[in-house]
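See below for the structure under consideration.
Each chain gets a letter, A, B, C and D, in the order it is written, and its residues are counted from 1.
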Amino acid sequence: MENNTRIGVFFCNCNGKITEKVDYEEITSEIKKLPQVEYVRDSQNLCAHLEGELICKEISKNQLNRIVVIGCAGSREEGFFREVLVKAGLNPHLLSMVNLLGECCAVHEKNPQVKVKSIELARMGVARAALLEEVKHGDVPVNRTVLVIGGGLAGMETALENAARGFKVILAEKEDKLGGRLARVNSIIGVDRKPAELLDEKVKAVTSNPAIEVRTNTRLGDLDGNIGGFTAWLVKDGTETPVEVGAIVVATGVQTIFCPVKYGLSIADNVIGQMKLERLLADGKDFNRKNISMIIGKGTEAFNLPFVIAVKNALLLRQKFNATVNLFYTNIKVGGDNWEKMYTDARAAGVNFFKFEDNIEIAANNGEIIINYEDPFLGNKVPGTYKITSDYIVLPEELVPSEGTEELAGVLRLELGPASFLSIDNAHILPEMTSRDGIYLAGSCQMPGFVNEIEISAKAVAEEIFRKLYDEKVSVEMTQPYVDATKCVVCLTCYRCCPHGAITIEHGEQYENLYKSAAVMNPLACRKCGICAAECPGKAIQLPDYTDSQILAQLEAMEVQP
Amino acid sequence: MIIAERKPIDEILGFLSQHQKVLVLGCGGCVTVCLAGGEKETGILSSELAMARSKEGRPLEVAQKTIERQCDFEYLEGIRHMVKDVDAILSLACGIGIQTCAEAFPDKFVWPGVNTKFLGVNLNVGEWAERCQACGQCVLDKTGGICPVARCSKSIFNGPCGGSQNGKCEVDPDTDCAWALIHDRLARLGQVESLREILPVKDWSYSRDGGPRKLVREDLELESGK
Amino acid sequence: MSTNQNFQPKIVVFACENSGWLAAEHAAELCLSYPEKVEMIKLPCSGKIDVLFFMKALEKADGTAVLACQKENCKFLKGNVRAEQRVSQTGKILKEIGIEEERVGIFYLAANMGHKFTEIVQGFYDKIRELGPNPGKVIK
Amino acid sequence: MKAGSNLEKMMESGNFAVTGEIGPPKSCNGEIVRHHAKMLKGWCESFNLTDNQTAIVRLSSIGAGQLLLEEGLEPNIQIVCRDRNRIAIQSDVLGASALGMKNILCLSGDHQKFGNHPTSKNVYDVDSIQLIKILDGMRNGYFANGEEMKDEPPKIYIGCAANPFADPFEFRVTRLEKKADAGADFCQTQCILDMERFEKWMELVRARGLHKRIKILGGITPMKSVKAARYMKKFVAGMMVSDDLIERLDKAEDVKAEGVQIAIEQIEHLKKMEGIAGVHIMAIAWEEIVPEICKRAGLAPRPQV
């Protein structure tokens, strides 16, 4: 604690809402007894504009350097008072807010205990104030090169969006050419373009963009560092070369696995997957007046993509070849852009939709498909098994993350989300974000998605990167935890438990301990949760505004009754 | 790294039953790294002791401090003034630190707060495993960098014994058979033939069996014998 | 234990500023009342809770709890899981010195759950009241 | 002749040898040993006396060995490395030899964790292979420290164990080779409950010519119940039990009779196997069945050499 700590306490009546329950005089007489409290005053309404100027004046007149506001403590009020402190030349973190209204006056009736509590709250606020520390801004030099992993449509789109925002881009593709899986499909849902055309256009745009460097036959082997300063080890033909990048975008997509065994079938000319159908259509195969059955179930309905693809192809077969199309489904999933309309179009065009639950049997023999199933809707009225004979059965493929996703996640220090895709199912963060700042997701590596969503996804990622790495040097408020090197034993506990991979062990003479090393929290990667501070066995880590001493001082200020 | 574990609280309360004022002394060395006796554990234990004794109606005054290392006399010198005021020290250091502490403060009770378990590695947060027995004569050159003394349940030198199955030790299905590891590692390095050689009986005199050990490096001493 | 009808326990509640703290504010907006002897301390995440904070709180109070975001929905992914772990660590410590482990608790809620907040606080308060005064309080 | 024991004579003369096993009691009641001795006398060349088997305190193997000698049977003294250091072991070897015991079997020993004194300290000053080497040195007139014996060296026929069912499989043969290198004269295998695996192991043994350097006795254990077989398969480390064997026991009307029948068939099979010098019958807590097995397997009467 500094010797010249001078605490100023500002008490707000909140237009009488507070003094209706507690007595200002009683509280102030207690507060005035506390050490280092140099100034106390009250006001009808502290957050009135003129009050701000007044507080400023009082701060300088009384040389106050810690401010306690007793009243309410919403984020709006906190912002207001922080600005006031800045105007008064104080660091905005030297403010302690006591929520007397919210924690006391609004929730309790007037009684002697409310008086006790109000005094206790004020004492806690003052105790915390005495231990507040300044938080400075820092300039962090950052690398403005973005590494995009995966040269499919999502990767190329992301590369272009980043290049458009002034970043240099390295686009790493593990195959020998750009394009990815989109090259294998016949038509794109919701996009009125031929896939080949669209891809050609993107490949041209990417390869002709001077800001984008394409590296084929390349994968990510290892990664060090953090946002703004990653070292990525790119592997090509068994050789690893390091590149310095500021952010990484994963766009490794999805792969499909054809698994007819699940339906009791084996691969045959008339037992095909939706991807195979796409290729047959692209190759110009004639399905004129054929009878085609499609099925969606057995777990593939987890995502809406298989269903939408089936509806798209059903509609196409119906319209183009006047085929009879039967679509067996367990669940209709058409949430998304215009998919609902496509579904009603398909119904109107005469695609037959059959609901089934468990009871479906498909047999393929001598070029004929026989489907026996029980209809749960008709079951009550016309029970029995229905039989449908078709020329083709089209099955959905399993959608799984592309090969190597798990290894990549290990290199990036990310945990896999639902169904082993990379996206984390968490309402607090954007789907494009990962647990680590500086590492983003685009396209289907998050979760199987649609082509018309890729542009949005790529833009979101590029914007997020721009927001963080807007210049060669970015200014950040250093609210990340700081480490007392004399107490740090570089035990790696924090490094291992940081959910954001924001901690590195740094070495140098400035770290005054046996190891000449200490854990360091990256100001850009840290999200200020304080988990590291709680886990540190040496109590070497403190999170600004929530230091152990500040929290324990509040407990210390409480009354203890036997 | 020395791995330790805090002693059961009843045992500790038993040690301290006769005292009114104790210093809980943490160590910033190995026991901090293995989460047994650093500043955080010192704080938690201090609070726990105070509460336990309050409950018994015999309040205990608890002072706490964590120093760099308890196995160095110089660091212990720095807390002499604190020690003066207490009846006893509860040391959360490893066995070495506890003894150094007792030697530094001959007139004070020094109680052990942890059980020193073994020399080991941190496999995971909260998981440690033994790796070395400080036998004094390292054989890792012959065993592919895997120690049979510390990691084989029987410390045998010509394993694996007949209880090795699927790479696990018969003593505990969660423990790897050290000799299976040695065999596999040497096989990977193309050195498995070296295991045909019979490793001779070990000279245990370098180990604790030769009596308490002491290391003297005359090249580092200014005056011999000092 | 104690059946003293006049006993009013003191409770220290640590609240994650993404959920419990905001839920308390929500409760205040709705003017939902709860017992006076409940004090709140703000944390950036329930994962910032420390066994030491619980212990220090229990040197003064009769019960202590942490308010965390709903399971699987921690802003920092695993903070609430860590909080849960520390609650059980503290419970174990209490138990080994013969103090009811129920004096420390964890509750999950979202920012817009003012009603749930008062329900939780009242429920915990009542439970601690039934347990009676914390025998381990340290009076200096 | 190294020691001149019955066992040595039998095997060195090329006869198919039979050894048995007697577990000393958990008391000083020598009558129990004598009772088994009387029952088994004449059926085997030599009888293993276990050394605190499964780390449970029992009458010592040398003590029991003396009782056997008195009853006119030849003991095969087991020595494990778990409980004694090289000083105690060498002293015991000298003592046993002085009493006229000629076969000594060297083992690592079961870990004390499984016994009735799990809190004890184990020794393992030397391991089983090192122990073989020490014994080999002793019979040549040297102590383990290299010091020469001034007087008569012990006469010992050195045995060891091999477990073809533990892992790593190939290394099991190397380990037998190391034991032969160390000076072991004969080896008794872990009980064979998976003949296929055993044959594979023997193939490797023969490929290295080991059967010419060390006498191999196949381990035979008649199974008393399906439960026991299943238990061994599942819970005993370093033990393999074939599914065929379990199925046979499972289908049998009289499980015990089937167990005996299987043992007999195994012995017949081993008799024909190249490189097998004999069998070691371990009828744990079923000693009385040994005569029947020997009789029916054509192992009786024992030839005189």
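Here, a contact is a pair of C-beta atoms (placed from the backbone, for glycine too) under 8 Å apart; a residue touches a chain by one contact, two chains touch by 3 or more.
A quick note: this is a predicted structure, and the numbers were derived from the prediction, not measured.
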Interchain centroid distance [CA atoms averaged], subunit A/subunit D, Å: 66
Whole-Å gap between the CA centroids of subunit A and subunit C: 29
Centre-to-centre distance between subunit D and subunit B (centres being mean Cα positions), rounded to whole Å: 40
Per-residue multi-chain contacts in subunit B, two or more chains: 40, 43
Junction residues of subunit A - those touching two or more other chains: 497
Per-residue overlap in subunit C, given as positions that touch at least 2 other chains: 50, 52, 56, 59, 137-139
Chain-level touch network, classified as line, ring, star, complete or other: other
Each pair of chains that touches, named by its two labels: A-B, A-C, B-C, B-D
Residues of subunit A defined as touching subunit B within the complex: 487, 489, 491-493, 496-497, 514, 536-540
Parts of subunit C lying in touch with subunit B, wherever the complex brings them together: 50-52, 55-56, 58-59, 93, 96-99, 135-139
Subunit D-touching residues of subunit B, taken from the complex the two chains share: 153-172, 177, 180, 183-184, 192, 195-196, 198-202, 204
Complex contact set, residues of subunit D against subunit B: 81-82, 86, 108-111, 113-114, 122, 124-130, 133-134, 144, 161-163, 166-168, 171, 174-175, 177-178, 181-182, 190, 237-239
Residue numbers on subunit C that touch subunit A, as the complex places them: 8, 10, 12, 18, 24-25, 27-29, 31-34, 36-37, 39-45, 47-50, 52-53, 56-57, 59-61, 72-79, 82, 86, 118, 133, 137-139
